[in-house]
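You will see chain A twice below: alongside chain B first, and alongside chain C after that.
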Partner chain A sequence: MIAWLFDLAPWLIAGVIALPALGAGILQLVAYLSWQESPPRHGPWVITLGTLSGTALLSLALAVILVLDGPAAYRFGGTLFPEVVFRADTLSVTIGVLDVSLTLGILAYTYTRGPFGSRFYTAYLLFTAAVFGIVLSGDLIAVFLFILVLIGTTARLIRLGGKAESADAARNYILTATSGAFVYLCGALLAFWLAGTTDTEALGATLAGVGYSAPTVVSSFVIMTIGLALLVALFPLHGWLVETHAKSTDPVSALISGVLPAAATYALLRILFDVYTTEFLQANPTVTNGIIYGAVGSLIIGNILAYGQRDIKGMLAYSTISQFGLIVAGLMVATETAVFGSIIQLFGHGIVKGAFCLVAGIIVLRFDARTLDEFGGVANRAPIVAASFVGLGIALIGLPPTVGFVGKWYIAIAAMEQGLWIVALFVVISTMLTLGYVVPFIDQLYFAPFEGPDHGAERVTVPMLVVITLAVVLSLAIGLGSVFLEETLREAIEQLIAAE
Partner chain B sequence: MTEIHSVRPLLAISLAFVMIIVVVLFRRWPRLRHAVSVGAAVLLFGIVASLIQPVQQGQTPTTNLGTLVGTVELSFQADPLGLLFALTVSGLWIVTVTYNIGFTAGDGLTHRTRYLAALWLSIGSGLGVAFASNLLVLVVFYELTTIGTYPLVAHYGSERARKVGVEYVWYVIGGGTLVVGGTVIIYALAGTVTFVPGGIPELAEIATDRSLAAYVALGSLLAGFAVKGAVMPFHAWLPKAMVAPPTVSGVLHAVVVVKSGVFGIARTVLEVFGPDATATMGVAVPLAMVAGSTIIIGSLLALKQDDLKRRLAYSTIAHLSYVVFGVALLTPAAVAGGLVHIGAHGITKLALFFCVGVVTIETGHKKVSEIAGIGRQYPVTMGAFAVGACSLAGLPLFAGFVSKWYLLVGSAEIHWAVPLVFVLSGALNVAYFWPIVYAAFFETPETADPKPLIDGPLGGRAKAQDDETDESPPATADDGTTDKRAGAFNQHETETERPQAGPTDSSYTLYKESPTLLGSLILLGVLIITFGILPGELALFDLAKQAAEASVGEVFE
Partner chain C sequence: MSELLAGTPPALLIFLAALAGLTRNRGAVTTAGASACAAVAVWALTIPTGTTGQWTFLDFMLIPVSVDPASRVAGLAFAAFGIVALTYLYGTGGQWYHTTVALVYIGAAVWGVFAGDWLSLLIAWELMAIASTLLVWFHGGKAVRIGFRYALVHAIGGAFFAAGIGLHLVAGGLTPEGLAFSGGITSGIPAVITGFGITINAALIGFHVWLPQTYASPHVGVSVVLSAYTTKLAAYAAFRAFPEGNIALAYIGGAMAIMGAAFALAQKDARRLLAYHIQAQVGYILAGIGIGSSLGIAGAFAHLFNNVLFKGLLFMVAGVIIIRAGTASLDKSERLSLRTPLLTGAFLIAAASITAVPGTNGFVSKGMVLDAALEGGYGPLRWLLLIGAVGTVISFIKFGYLAGFRGPGNSLKDTSVVHGLAMVPVAAVCIALGVFYGAFFELLPASEQWSTTPYSRRHIQEKVMLFAIGGVLFFAGRPLLDSLNGGRDIDTIRDPFVFGATRRTVYAIAAGFEWIAVRELAVRTRVAGVVYQPVDAVATLLPRQVEPLYRAYASGVAGTTGIKPSVSYRLFALIACLLVGLILGVSFQ
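And then the complex of A and B:
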C-alpha cells in the first residue's frame, strides 16, 4: 500500500511543474472564451488560488514521500527529443515549498488591491511553474529554458503591475537577465562540448574523467557561475534587482526578492555539487576563494549601500543583495553545516523578505508612506502591522531566536571550522550593519509623530494581516525548530556533498 | 551536583512571556492589568524561590527541550549561579511592578500597554539569561533583553530619548554581536558551549595552549558582556539612558540589564573558560585592573554629577565593577563577594532609583542642588534613600557590607594593597551620597550651600573660583565627549522637553506619596537591612557561596 504511494513520486514531480502551467492555460482559455465582454473582478484570482492550492498540496505530498523514501526522478521524452530528467530530493522540494507558499501568501494581498486581470495571473502561474522547473530539472539546458520562462514571466509581472515606469523597468530587466542567462548557456554548452551530455549526473562523472584542473572545465564553471551570479543579483551584478524592485508593485517585489534569486541560487547549488563536486572546489582554491570573497563582498557592500536608502523598497533590495552574498558564501564553504545554513537562510529569507515587501505595501496602502520620514507614528494607528515590521526586522537583522540568526550561526560555525576566519567575521559583523539601517525605520514607526494621511483601517484586510503575522511566526518557528529541518535535509545534503 | 528533571525553570520563563500577551489583551482594563501583573510577579517569584531548596541540596533542576542547533541543546537549568540571578530578577520585579502602578499614575505616562509588555519581555528574557544552561541559549535571551528594553529607553519619544534609544541599541547589540562571535569560536574550538563549573574541559586544553583563537573568543565574550555591564570604556550608554522613566532606570540598573552583563562575565570566567584557564591565559589580571579602575573612576565621576539620576548612574558603573573585580580576582571569597553584590547592589540601587523617582514625581526636583529640605517633606522616601546610601557605602548592618566584606577578605588574599580599592571606593561612596542625605534632612532651601568636592577639572587645570559651582565643570579628558554632551542635556534639555509631571511648589503632603510607591520603598529598605544583619537567612548569600565553591574552591568562613 505504502510502496504504491511511493511510486507516485515521479508523477508528483511532473505534477508540480505541470499543474500551475496547466492552470495558466485554463485561465487563458476561460478568459478567451467567456470573459471577453465583462471580465469578473475576482475570476482569475479564484482560478489562481485553486491551482496554487493544488500545487501546494502536490508539493507537500511530494515532500512527505521524499522524506520517507529518499530522492526520486522523473524521465521525460526520449523518443521525439532528447530525454530530460527531473530529480527531486528534500532540498529541491524545500525551495519548491518556499515558491508555492510565497505565491499563495501574496494572493492574500492581491485579492483586494490587485493587480487584477487574467494576463497578470497567467504570468503569475507560469512564474510558479518555471521556478519548480529550475529547481527540479537535472539537465543544464532544461534549466536554461526554464530560466528564460522565468525571466519572461517576471518581466510581464513587472509590466502588468500597473506603475508608470514599469514598462521601461521590464524592458531593462529582460535585457539584463537574458544576457545573464545566455552567459550561463555558454558555460553549459562548453560543458556539453567537453562531456557530450547535459544531464547533471552524467556530466559530473565525465568531467571527473577530464580532470578538475583542466582549463576548459574550470572556465565552463566560471562562466556558468557568472551567468547565475547575475540572476542571483550578487554585487556588482545587482543593478537590475534594485531597479525592478523599486519600479514594480509590492506583491511583485515580494516575488522578485523572495523567490527569484533563490531559484538562481538553487541552480548554482545543483551545478556546484552535482556537476563539479566539492573535489573540484578543492582542486581550484583560487576559483573557490574568489567566489567566497566575492560573495562576502556582496554581503558587506549590499549592507553598506542599504544605508543610502531612504525608501523602504530600496533598503529591502540592497538587503536582499547582501543576504544572497551570505547564502552563496555559505554554499562555497561547502561543508554539510554550511550548506544547511545556506538552505535555511535561503528559505527563511524568502519568507521574511516576501512578507516585508507586503508590509511595505500595506503601509503604502493605508498611509501612503514610502520613505523613512513618512513612516512616523504609524505604530499607534496600525499596531499589528508595526509589530510585524519589528518581528521581520529582527529576523532580517539576524537576532536570535529567529531564522536569520540560525542561518548565520551555521554558516559562521562552518566557516570557522574550515579556517575561513574572515568569512566568519563578516557574517557576524553583518548583524551590526543590518541593524544600522533597520533600527531607524523602527524608531520612526514607534516614536516619531504621525503626520501623513490615513486612508482608514478598512483598506487593510484581515487576510493580509494573517499572512504577515504568519510570516513572523514562521520566522520564529523555523529558528527554534531548525533541528527538525536539519534532520529532514541531512540525507540530501550528505549525498550532495559526498564526492561521487 | 545531580541533574534532575523539572519544568519549573521553563515555567518561570514562560510565565513572563505569557504575561506579555496578557498585558496586551487587557489593554482596555488598566487596573486589572496592573493587578494581574503584580499577581503574576508574586507567582513568578514563588516558582523561582521553590527552586532554592533542591539547589541547596546539590540538585540542578533542568528543563531540556531538545536540540536548538547542531549539538547545542535548548535547556534551562537552575544552578546556584543562575538561581542567584533569577532570584534577584524575580524578587526585585515584584517591587518594581508595584512601584510602577503608582509611578505610571503619577507621571502621566503614555503608551502604557507597550510599556508594561516591554517590561515583562525584559524580565522574561532576564530569567532566560539566568537559567540558560549553555552560552548559546544565554545569547538568545541576552539579545532579547535588548529588544525588550529598547522601547523602554526611548519611551518618552522626545528627540533626545529617540537618539539615546538608537545609541543604546548600537551599544548593546554591538556587545551582543561580540558575544555571538565569541560563542561561535568556542563552539568551533570545543564542540560544546554548555556551562561546566570550573570551565569546559575541552576548552581548557585549548586555552592552556594559549592559542590566538582562544584569546579572541575570551576577549570578545568579556568585551561583549562588559558593554551591558557598563565596564569602562563601554559605559557611556548608561548615563545617557537616564532619559528613560525611573522604573525603567530601575530595571536597567538593578533588575535585569546591566546585571545580565556582569552575570555573563561571571559565567564566562567561571563556567566557560574556568578560573584556571582564565588565569593561565593571563586575562584575569588585566580584567581586574580594568574593573578596579572603573570602580575608582566611576566613583570619582559620580561626585561631579549634579543630576541625581546621573550620579546614581555613575555609582552603578562603579558598583557593577565590584562584581567583575571580585570574579576576576579568582579567590573563592572574592568571587562569592562579587556574586553576592549582584543581589545586594540590585536591592539597594533599586531603592535609590525609586526614591529619586518619587522625589521627581512629587516635587519635580532632579538635582542634588535642589534637594535641600526634601527630607522633612518626604521622610520615608529620603529615609529609604539614606538606608540605600549606607548600604552602597558598605557600612556594617547594611546589605552592601556583606558583599564588601567578602570582597575585602578575598582581595586581601592576593595582596594587602588590593582591598584599598574598596576602601577608597567606600570613601567616595560616602562622599557622593552624604551631601544628598545631609542636604535633604539638615538643610532648607534657604540655608543650602553648594558642596563641591571636585569643582575643577580632574588633573588640576586652573579655574576661576567664582564660577557658578552648581554647574558641572567642563568635560575632562578621561570622560571626554560623553560627559560634555550628556551634561549639557541634563542641565537644559530634559526639563524643556519632558513635561513636568509633578507640581514644583514644595507644599508639604506626605499623602501624595501613593501607597504603592511608599510600600515598595519601605519593603526595599527592610530588605537592605535584613540582608545586612542576617545574610545567612537569605538564600542569595548561600547560593553565591555555592556557585563560587563549585568553580573556584572552598570559601573559608
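And then the complex of A and C:
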C-alpha cells in the first residue's frame, strides 16, 4: 500500500540537495528584487529557516524510507553531460541529518546575534546543499565539485562573520583547502585514467581487475586520501582548521568544527569502502598501517596541543583534530564494529562540538570570556549554560553513557580484536588528556570567583538555551540508545564492508 | 506499546513523583510519592512472574524488569512501606526536600530490586548511597560528619561490589548475557569481593558501625525511611549473588545476629538500640539465604518482609518518643504508659514481632529460618541464632522497661493522627501476617517446595524457653545493663588505627606525587619555554657566530611561536605528506 512512497526515495535524494540550493537562489532573487533599499533584519533568516526546515523534513523522510526499504539511487543527466549517480543509504543519511540539524540549531543562535544579511544566508544554504552533495554523490568528480562549492561557501561564511582578521583567514583557507581538493582531484583523475569511469561502483569493479597492489592503484588511493586528509584536518595538515576556528564567529566555528571535517571523512569512507574495499587494505598493509598510525598520531598530537590552549576556541579546534584522528583510525580498522564506532563518533562529535562552539559563543556574548582565566565563576550567574558546558564536556571526554564513550568503546574494542592494541591504548590515553584540558574549564566555571563583566541575562535568548540543552540531551540519548542506531545502520555497514 | 510499557521499571513512577518536589510543597510531594508507592505496590502484587523488556547498552544486555517471587516480596515490602514511611515523614515535620530525596532513595531501591542484571542493581545501589547521604546531611550539625563517614563506607562497599561484578563478568567471558543474574556470582575471588561489597551494606561485623551512627543521627522521619531499604537491598543482593546458599554467609549471618543483639543490650539511645537490631535481624536474613535450602530462602524473604514492617514501626515509636520527650535517651525521657495507648500499643506489637511472640509475623518467619537451619544440619548456626534471639528478648524487655518505667514522669503525649495513620496499619499487618500467614506464603520463593507449621508444639515450647531465659537474664543482669551506656564498639579501636594508617598513606602518596610534580614541572617549563620562545631554544643550539644573525632574522618574523599562520607551510606539509605516502605506499608493499 505504501510501496509507492518508497519510490519517492530518488526524488528525496535530489530534493535534499536541490531544496537548500533553491532556497539560496530565492533568497538572492528576493534580496535583489526588493530588499536593496532597506534590507529587513530578519527576512533572510526566515527564508533560511523555512528552507532548512523543509530540508530537514525531506531528509527525515528519506531516512525513514531508507531504513525501511534499503539503499536508493538517483541518476541525473546522461544526455547533455555525463550521467551522475547519487546514492543514499542509512549511513549517508546519518551525516545528512547531522548537517541539517546543526545548520538548523545554529540558526537559533544567529537570529539575535547575527551575522545578518542575505549574502551570509545564501552561503549558509549553499553550504548545507554542498554537504548533502558530497555525502550523496556516487561519483568522484561530482564529489570534487561539491567540495569546491563547500570550500567557497565556507570561505564566504568566514569572511561575512564580520571579524577584523576574517578576510585574511578566508583567503588562507581557500588557498589551503583548494590545494587539498586539487590533490584529491589528481588522485581521482588517476583512477579515472586507470578505469575509464568515475562512478564509484563501476570504478571499484574495474580497479579490482587492475589489481590492488599495482603501483598506480595504490598511488591513486594515497593521493586521494591525503587530499581528503587535509580537508578532514588531520595532523600535520590541520593548520587551516585552527586558524579559521579562531578567526570566524562562533556560529560559523560550530559549522566548521561540526560539519566540515565530517563531510570530508564521509567522502573518505565512501572511497575507502566503495572504490577500494577492505581487500585493498589487506593487500597493502603499509598503506593501511601508515594511515592508522598517522591518524592515531593526529589523535594524540591534537590532544597534546589542545592541552596547551587557554583560549576555549583553540582548545575546541585541537580537540576536533584529535577526534577526527580517532574517527579515521576507526575507519581504517575496517571491521563492522569499528566502522559503526566511527560513524556514531562522527555524528556525536558533530552535535557535541557544534553545541560546544555555541556555548562558547554564549559565554562570550554575556561575559566576554574567551580564555580559561576569564571563565571564573560564570556558573553562578548562568547555571544552564554552565551545566550544558559540563554535559558537553563529559560527552567530549567520552565518559559513559554519553555518545563520546560509545564511539570510543566500539573503536577500541574493534582495534583490540584486530590486534591493534596500540590504537586501544591511545584511545585511553587521549581520554585522559581530554579530561586534563576540559576539567580546568569546568573547575574555573564553578569554583573560581567571578571577575569579568556581565552584560546581563537578556543577551542570551531562550532558543539558544533550548538548542544547547537539546544537544546535551541528544548526546546522552544517542549514547544510551546506541544499540538502536546500530541496528538501523548494521545492514548498510555490512554491505559497505562486504562490498565485492 | 504494551510491551514497552511492561519493560518500563516501576521505579520510574516513583522518580516521576519526586518531580513533585519542584513545587517545594511538602504536602504535594508526599501525596504524589505515597500514591506512586501505592501504585507500585499494586503493580508488584499483580505483575506476572517473568522477564520483560531488554535493553542493550554497548555489548551488554540489561534487563529493566525481572520479576520472580524474591523480587516481588522485597519490592512489595519496599513500595508498601514507602507509603507509611512518607506519611510518617510528613507527620514528623519532614520538609519537601526530605521527601523528594527520600523518593529518589525509595525509587532506587525499587529499581534495584526489580532489575534483572548486575549493572542496573549497581547503579541503583550507588544512587541509594547518594540519596541516603543527602538525607543524613539535611539534618546538619553532627549529622554532617556522620554523613561523610556513611558516604565513605558506602563508596568503599560500592567499589568492591563493582569490582566483584567486573571480575564476574570477565570470568564469564564478556558475553552479552554476562550481566544477567542467572546462577549467582562466579565462585572464587569474584564471589569473595562481591560478597564483601554487598555485606558492607548489610552491616557486616567490623564494618557495621556506620549503621548505629547514621540511623541515630538524622531527622526521626528520615531514620524510619532509612531503616527499611539499604540493608534489605543488600540482603536481596546477597541472594542474587549466592542463590544456592553459602556456608560462610550463613555463619556471618549467625554471628551478626549475636553481635547486633549484644550491642543493642548496651544502648540507652532508642535509635541506636534499634539500629543494632537491624544488624541482628539482617543476620537472620543472611543466615537463611546462606543456608540456601528452599525453606531457608523463603524464611529469609519472609523475615525481610516482616523486618521492614516491625523495624519500621519501632523506629516510628522511637521517633515519636524523641519528638515528644525531646531526648533520644530512653532512661531520661517521659514514660510510655496507658495514657498513650496508641504509642504503647504500637510498641508492644512491634516488640512482640521482633522478639517473635506467637501470633506475630516475626514468630512465623524466624521459625522458618530456625527450621531451615535444623533441617539443613546447621546445628551450630541454629544455636547462634537462638542465642541472638535471647539477646533480642532481653534488649526489648530493656527497651520496654526503660521507656515505661524509667524517666521523669508520664506526661508523654500520644501519637498525632498522621503518626497514627502511618503506625496503625503497620501494626495491624504485623499481627495479621502472624495469624493468617497462608496467603503470604504463596508469595514467597519456591512456595511449593517447602512447608512449615508455624504453631507446632516445638516452636511454642522453644519460644517459652527463650522468653523465660531472656526474662531471668534481664532481671539478673539489670544492674550491669544499667551501667552500660552505649558500650564500646569496634570503631573505638578501628577508627584511630584506620585514621593513623590513612594519614600515613596519604602523606606517602602526597610525597610521591610531589616528587613527580617537581620533576614534571621542570620538564613542562622546559617544553613550554621551547614552545613559547622557540627562537631562544633554537638560538642556544646554534654556533656562536650564527646566533646573532639568526636572532636578527627571527625578530623580523611576527608571531610568538615564530610560526605565523602561513599557507606556504601548509602546502609544504601537504607535499611532504604526499611524498612520504607515495614512497611508503608504492615501495613497501
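Operating definition for what follows: the second predicted complex is superposed on the first by the 499 of 500 C-alpha atoms of A that agree within 3 Å, B and C clash if a C-alpha of one lies under 4 Å from a C-alpha of the other, contacts with A are read in each partner's own complex, and residues count from 1 in each chain.
Everything that follows uses one rule, which is that a residue touches a chain if its C-beta (ideal position, glycine included) is under 8 Å from a C-beta of that chain, and two chains touch if they have at least 3 such contacts.
Because the structure is a prediction, the values reported are computed rather than measured.
Colleague: For A:S179, select first, second, both or neither according to whether it touches chain B, chain C, the two together, or no partner.
Modeller: So A:S179 only meets chain C here.
Colleague: Scan A:G456 for contacts with chain B and chain C and give back first, second, both or neither.
Modeller: A:G456 sits against neither chain B nor chain C.
Colleague: Output check: A:G209 vs chain B and chain C. Expected answer is one of first, second, both, neither. What do you get?
Modeller: A:G209: touches no partner chain.
Colleague: Have a look at where A:P401 lands relative to chain B and chain C in the superposition and call it first, second, both or neither.
Modeller: In the superposition, A:P401 contacts both chain B and chain C.
Colleague: Pick one for A:Y446: touches chain B only (first), chain C only (second), both, or neither.
Modeller: Only chain B is touched by A:Y446; chain C is not.
Colleague: Between chain B (first) and chain C (second), which does A:L480 come into contact with in this model arrangement: first, second, both, or neither?
Modeller: It touches chain B and chain C both.
Colleague: Check whether A:E417 is in contact with chain B, with chain C, with both or with neither, and answer first, second, both or neither.
Modeller: In the superposed model, A:E417 contacts chain B only, not chain C.
Colleague: Just to be sure I read the superposition right, which of the two partners does A:M432 touch: chain B = first, chain C = second, or both, or neither?
Modeller: first
Colleague: State which residues of chain A lie in both footprints, the one left by chain B and the one left by chain C.
Modeller: On chain A, the overlap between the chain B and chain C contacts is residues 401, 406, 409-410, 413, 480, 482-483.
Colleague: Within the complex, which stretch of chain A touches chain C?
Modeller: 169, 172, 175-176, 179-180, 183, 213, 215, 218-219, 221-223, 225-226, 229-230, 236-237, 239-240, 242-243, 283-284, 286-287, 290, 308, 401, 406, 409-410, 413, 480, 482-483
Colleague: Which stretch or stretches of chain B touch chain A in the complex?
Modeller: Contacts found on chain B: 66-70, 74, 114, 136, 139-140, 143-144, 147, 151, 154, 157, 161-162, 165-166, 169-170, 173-174, 176-177, 180-181, 184-185, 187-188.
Colleague: Contact residues on chain C for chain A in the complex?
Modeller: The touching residues are 55-59, 528, 531, 565-567, 569-571, 573-574, 576-578, 581-582, 584-586, 588-589.
Colleague: Quick one: which bits of chain A touch chain B in the complex? Just the residue numbers, please.
Modeller: 337, 394, 397, 399-401, 405-406, 409-410, 412-413, 416-417, 424-425, 428-429, 431-432, 435-436, 439-440, 443, 446-448, 480, 482-483
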